[in-house]
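What follows are several structures.
Same chain, two partners: chain A is paired with chain B first, then with chain C.
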Partner chain A sequence: MMENRKHDSSPIVKIENLHLHYYTRRGIYKALNGVNLEIRRGEVLGVAGESGCGKSTLGRAIMGIIPRNAAIVEGKILVDGVDYLKPLREYFKKAKKFKPTKNQDLLKKVNEEMSKIRGQKISMVFQEPMTTLNPLLTVGYQISEVLFYHNPGLLASRRLARARATKEDTKNIVKILKEEGEGERLRQYLKNRNIMGLEDQIISIWRRKELHDLKKEQMILELCCEPISSMARGYLEQIEKTNSLPKFSKLPIVGRIVKRELLKEAFKKSAEFLGLLGIPDPDKVVYMYPHELSGGQRQRIVITTAMINNPNLVILDEPTSALDVTIQAQILELVKELKEKINSTYMFISHDLSVLSEVSDRIAIMYAGQVVEVGPKSAIFNSPKHPYTQMLMEAIPTIEAHELKGIKGEVPDMRNPPKGCMFYPRCPYAMPICKEKRPPLFKVGEDHYVACYLYGGEKK
Partner chain B sequence: MIIAARKLTKYFEIKGVKNAFIRAVDDVDIEIKEGEIVGLVGESGSGKSTLGRLLIRLIDPTSGEILYNIPDDELEEYDIALENNDEKAAKKIADKYSITRLKGEDLRRFRRNVGIVFQDPYSSLDPRWKIEDIIAEPIIETKAMKPEEAKKRVEELLDEVELPREFKNRFPHELSGGQRQRVALARGIATFPKLVILDEPTSALDVSVQAEILELLRSLRKKYNMAMLFITHNISVVSYMSDRIFVMYAGKIMEKGYKNDVIKDPQHPYTIALISAVPQIKRTMQRIILKGDPPNLLNLPKGCRFHPRCPVALPVCGWTANELKPTLEFLIETKYFTEFPNVSIEIKGERELIVNNADPEKLRQVVNAEKENARVLLSIKEIASNGNSSIIRLHEYKTPKLYKLSNSREVYCLLFDPTIKERFKQP
Partner chain C sequence: MLLFIPTLIGLTVIVFTLLHIGGTTKLLAMYLSPRLTGAARAHVIAELDAKFHLNQPVYVQYFYWLIQILEGNWGITNTPLYSGPVTQAIAIFFPNTLILTIFAAIIIWLVSIPLGVHTAVNRDKPSDNAIRVASLTFYAMPWYLIGVVLIIIFAVYFRILPIAGTVNPSLVVGLSWYHNGISYPTHILLIDALLHGDFKVAWNAFLHLIMPSVTLSLGVMAALIRLMRGTMLETMDQDFVNFARAKGVPEKVVINLHAKNNALLPVVTNFGYLVAGLLGGVVVIEDVFSYPGIGMWLTSAMLNNDMGGIMGGTLLFGLILVTTSLFLDILYAKIDPRIRY
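And now, the complex of A and B:
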């Protein structure tokens, strides 16, 4: 799977001319007006914009978590080539009058489809770490849930591997680790002995820095001979093979035993992953409730729940906006580290351009439901082309104090947006054509596109 | 000085719990000159908003003195009196300028001279009031003008904050965030105050609007020569706005000085980390990542409040046995478990630990090997033998104070204490 990701050059998400409107009692709120964007494999795409420009709506639309009054008027989102929102779009085309209730029925179907990839292929980190966690459940359970529902096969194979492995096996593993480290030979050995489930457990122990080598050895030697009740064993093997939970409606007790076994395993895996993110005492933290943790810790937990299944795409929606600068610095460092460790694609949404400049490869600037400029980070910061981007840069205060210039005027009313370019009413370079027609994306440099008539089209 | 506070302290009681206080502001000295913009930076929960509110007596301090409009020489006299514990002389000056005991008409008169702008323009304006009434409220409430004059003043103020005059008959919900903040600003300066407290005035706004509001604030300052206390968590904004900067952490001022000195050449380890943590488009500084979180204000660390997170903490910065125990336990359990079987650790006092079944020589080796990674181990003064076990004694800690570096610059850090510097010279 890892290899696939590297060589596949097609974008993981492709958004084509997406129009999304909210039907509200006070009129139609046009949140997205023709978004064109692609997220490429392995990159960090930063999405910037002021409040109300549709950046969060875009992130949510990719995940398919939109409310029932959201109509897909036009355009599509291709996630790995699949257009999940198709039924909604077709409904809107057919329907004479948009009805949220009808839309909701279709959304349910979309949700069913998408829940197969949510948490597994794509996942999302939300803004408020205080509200995204359930205060009634331990954080370990909340991480475990993701594993339990989306990846039970992994849990079963981890558990079974510990049952299958003999003392002899673990001794051999320690020997291999000492000689060659965590390389191909270890993998081969595990494969031959049919205990592949041990791999991530061994590696997560072996990589811990604070432990003495002897302690690590001892811990690895303990990964064996853990008996499973014979009742559960068969089911676990079945789960390992199919990677889905069988229905236990006729056998409630067995179901409970299997479920408990899997959840216990999920707690273990959660603690391992938290340790990887640099949370001290992960074995205790998994049994804590969200209120016992600080804001930064909570955000780490939320990031863990999003990352634990190695998703191909992670959407981070303002993950640091509610945090203090020193904690924000910790989280940004973490994101950078994860980028190295786990080969995923990230979409990082933020209103703060300087935060994006720290983490992203490419940056898209949004204004009033449109992408007005997109390009490599260096191009956006060194030679911003769109008047809005230029003015935004001048409005950001930096430590090295420079003259600030605000942008006069207001964001257009999205219930009644201007016909032409959205930025036209505030733009100092506005031309007659800007009032009439919405500009498409013009190429202005290597991989750098701008939606502005200053850079192409019929100039007057 | 337009306002000066000495030993200002505010403890919030916790209802239902005896002797439990949230120490929001603890023994803080601050002074603001006429016409000066002072930036107060700190993370959430550092007590910066509480300090701002104390200064204009929106809340009453637990102890300490706030002196309003005090001439510089008398403030100096007051400081000297405090230093010499000369209560009589101090009281004489305090009686003249203090606002902590004002009541009734006097308090009202004082309130004419100060204004405040709150953080969230969505919740600080009453949705049932017209803009006109909102702006006129402080004028009428402090009896600065007659109601008829107040109406005229509202129009002037609307011009001042660059809003159209017809807005006076509107309600807050009809306005955008930036416009609302302008209304809040107009209310803050309605009575021609000499001091305005700006409590995070732009953090709820978008950058493009923020820039405009900051510009407006600057022009107002120029026009009326108001002093401003700019409270914010955003160092970039402070560096744009203010003349002097106070950095706050867990209820204490950590560093103060002129803007350029503090931003370009921070001295306190916390300020250094704070400034390096600000995301920058063109990074010029090595980033320092602080471990852990700010302390709980209920149960503050001893000595310097920053020492558990400090990357350069000294042995005397305030470490106690309570902090050492978990570190030692962790090391013995994970890394050195082969050398120390059946070890248990007991706390014998704030500065004494007993490690049962451990050889002092071996312990010393461990401490020496791990010193670099865990600064708490530096605080070990000696490891003595006691039969089968070892006794660990810690250095006595010292609480820092604000040390003067130059005329305008003060830092709350033991690194700048001359006696300490001599004792723990770092290579």
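And now, the complex of A and C:
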């Protein structure tokens, strides 16, 4: 696995010298001041830093979910090589005076472009599970939306497979499963019988740990012979082929029928996925409203929603910070489990270094809207180089660490950040040059970079 | 839901207290036909005395009076517009007001919710500013002014809408279901005409409804647009709206399903105040358009110092407000899964 990751060349996200400023009535908050960072395929990149250092802003900027008053002043974010925020940057360059209304117009276009990959290629989990879900919609619907808008073909083929499969088929499937498990022979059989849509349904039953084998067999035997109206069948077949919502789904009655059929299937799939994650009573949970669930359960729902389409990149913005310690540990377990199951890339944001030490491959340390140190987890923990990182490490309480506290001095006022090194006012090793010029990233070890004049540049 | 009864009790106590400020004379005036004289009058007074236990303490009288109210004995009204039992007057005038308010409420809802959403989505853009200025202008204008302006434009200058009343009198001459300005069976001309298949009259009645209901709605629309805009802006900043975006849900669905429905909740709660505002407007507007509804009857009752009319109207308006808020509570519970009775 590790080998694979190293050989995969182009990073999934490349952030180059990103400057993002928030325009407010109280002044211009310079939230990101030249962020350089890449997220590599298959890795878990941990991002740490004090609250207010721009972690969420960075995560949201990658998703393109930024408010109208956020100006892309300079730099770019390449997601799979595409510079989605380009119109915003060009607007800022051109504009004499930044106007949120104009920015909003362009943001609308960015939204439109990015909505095709959001939830599908990249997705995000927010910090506050209590406010991330829409209180008026069932959680099943909220998970289903992602499937409905990005993966209608899968839903159609699942439904059609249950209509096409015969009793004979499901019996054969059980036989294959018992003999060889969920391997190539099963796939081959499903393919030959044109019932590939059954695959994830079968697997999701077969993998469940809490069910007895007989129960599983019985459930699989039931995945057949489900009648379907010929009209719905026709439409679903078309959707299965194109994996997109065709024009007729905009027609009033037909659209409703199709949407209902697809959503019903999406609810099924959602429940299966929740079951796989070990959430009890998934068939009931999907019909519940967010207020009927605890914070931990809600965060599981949010994570499920973000993961159900197997995205290439998942941005987790402090997914555990708002939760109790025990729940935190469970969610962390869940994330680790998903990491094993789904071959994806993760950006894990946290202000808690001990959390990051559990899940990350690499860690980036942010300070005042900049990445000041980035490197492999072991390097960051064993030989932290940046004075700020060193102070962070010292500040981790030995038992049950939670927050980055107890660092002397204050975060600079982001309306008026220091001209030179951002850390200058708090740094015990500060030199004259630090006050004058921002330090670039210097290489200090294998894949280990630090933005500090102690490690390079013209020391004076 | 539970507030329903205490509110009604409070309301009746207030009405009753008002009746009693000048002793029992007002109460008597409300139940005593002024046409009676001499012995007959004395007889009825004695009867009322017994019925309301006027020799007993005030709070006892209140209960006897409440019983009469509950039994539908709301007293007598005596104005040039109508003379007879209050309940009868309500039965005649209220349907006209009801249809007027319903029309206005529908216009308000259909216009202000989409405009509120539009202005929020296009915040600070020219269309937002224009709508804000226009709606505030109407908000600042008194109702009768809006009414008169509309009359001058559409009835006097363009002559496309009728000035006043509910129907062109020449159309209803000799109709079997229309007497003395009252249509049967519902007393709502538009509906009665439709029931009798008289589409010409129905169309004419509809034309007569347009200006009053538009005037009524213009006066309060601004408040609702503003409210909707505000709650919408607030909702659009919420995490779950951004999460919907992060899921790749099309922007249209994000706005209309995720943001709008949540933004509607406070609007529904506040719609009650709006209805209260409408009832206030009805009095003015029916006067401006000579529209024979509760407002016109109330105006005439006030001008004639007719206790029956004033008290009946107060009670009726109170009842309407209480039922509206009850209805809105139920509606709210239906939209918001967090609330279950």
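The working rule: the second predicted complex is superposed on the first by the 441 of 460 C-alpha atoms of A that agree within 3 Å, B and C clash if a C-alpha of one lies under 4 Å from a C-alpha of the other, contacts with A are read in each partner's own complex, and residues count from 1 in each chain.
Just so it is clear, a residue touches a chain if its C-beta (ideal position, glycine included) is under 8 Å from a C-beta of that chain, and two chains touch if they have at least 3 such contacts.
These figures come from a predicted structure and were not determined experimentally.
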Tell me which partner A:Asn310 touches in the superposition: chain B (first), chain C (second), both or neither. neither
According to the stated criteria, A:Asn134 is in contact with first (chain B), second (chain C), both, or neither; which is it? second
*Considering only touches as defined above, state whether A:Ile396 meets chain B (first), chain C (second), both or neither.*
first
Request  = Please work out whether A:Gln297 is in contact with chain B alone, chain C alone, both, or neither, and reply first, second, both or neither.
outcome  = first
Problem - Which of chain B and chain C A:Asn111 touches, first, second, both or neither - result: second
- Query: When the two structures are overlaid on chain A, which partner does A:Tyr149 contact: first (chain B), second (chain C), both, or neither?
  - Reply: second
Of the two partner chains, chain B (first) and chain C (second), which one does A:Met124 touch, if any: first, second, both, or neither? second
Interface with chain A, chain C side, in the complex: residues 123-125, 237-240, 242-251, 257-258, 261-262, 335-338
Per the touch rule above, chain B residues touching chain A in the complex are 43-44, 176, 178, 206-215, 233-237, 239-240, 263, 273-284, 287, 289-290, 293-294, 330, 334-338
The answer for chain A against chain C in the complex is residues 60, 63, 65, 67, 100-101, 104, 108, 111-112, 114-120, 123-124, 126, 128, 131-137, 145-146, 149-150, 289, 291, 302, 305-306
In the complex, chain A touches chain B at residues 50-51, 210-212, 214-215, 294-297, 324-330, 332-333, 351-355, 357-358, 381, 391-392, 394-401, 404-408, 410
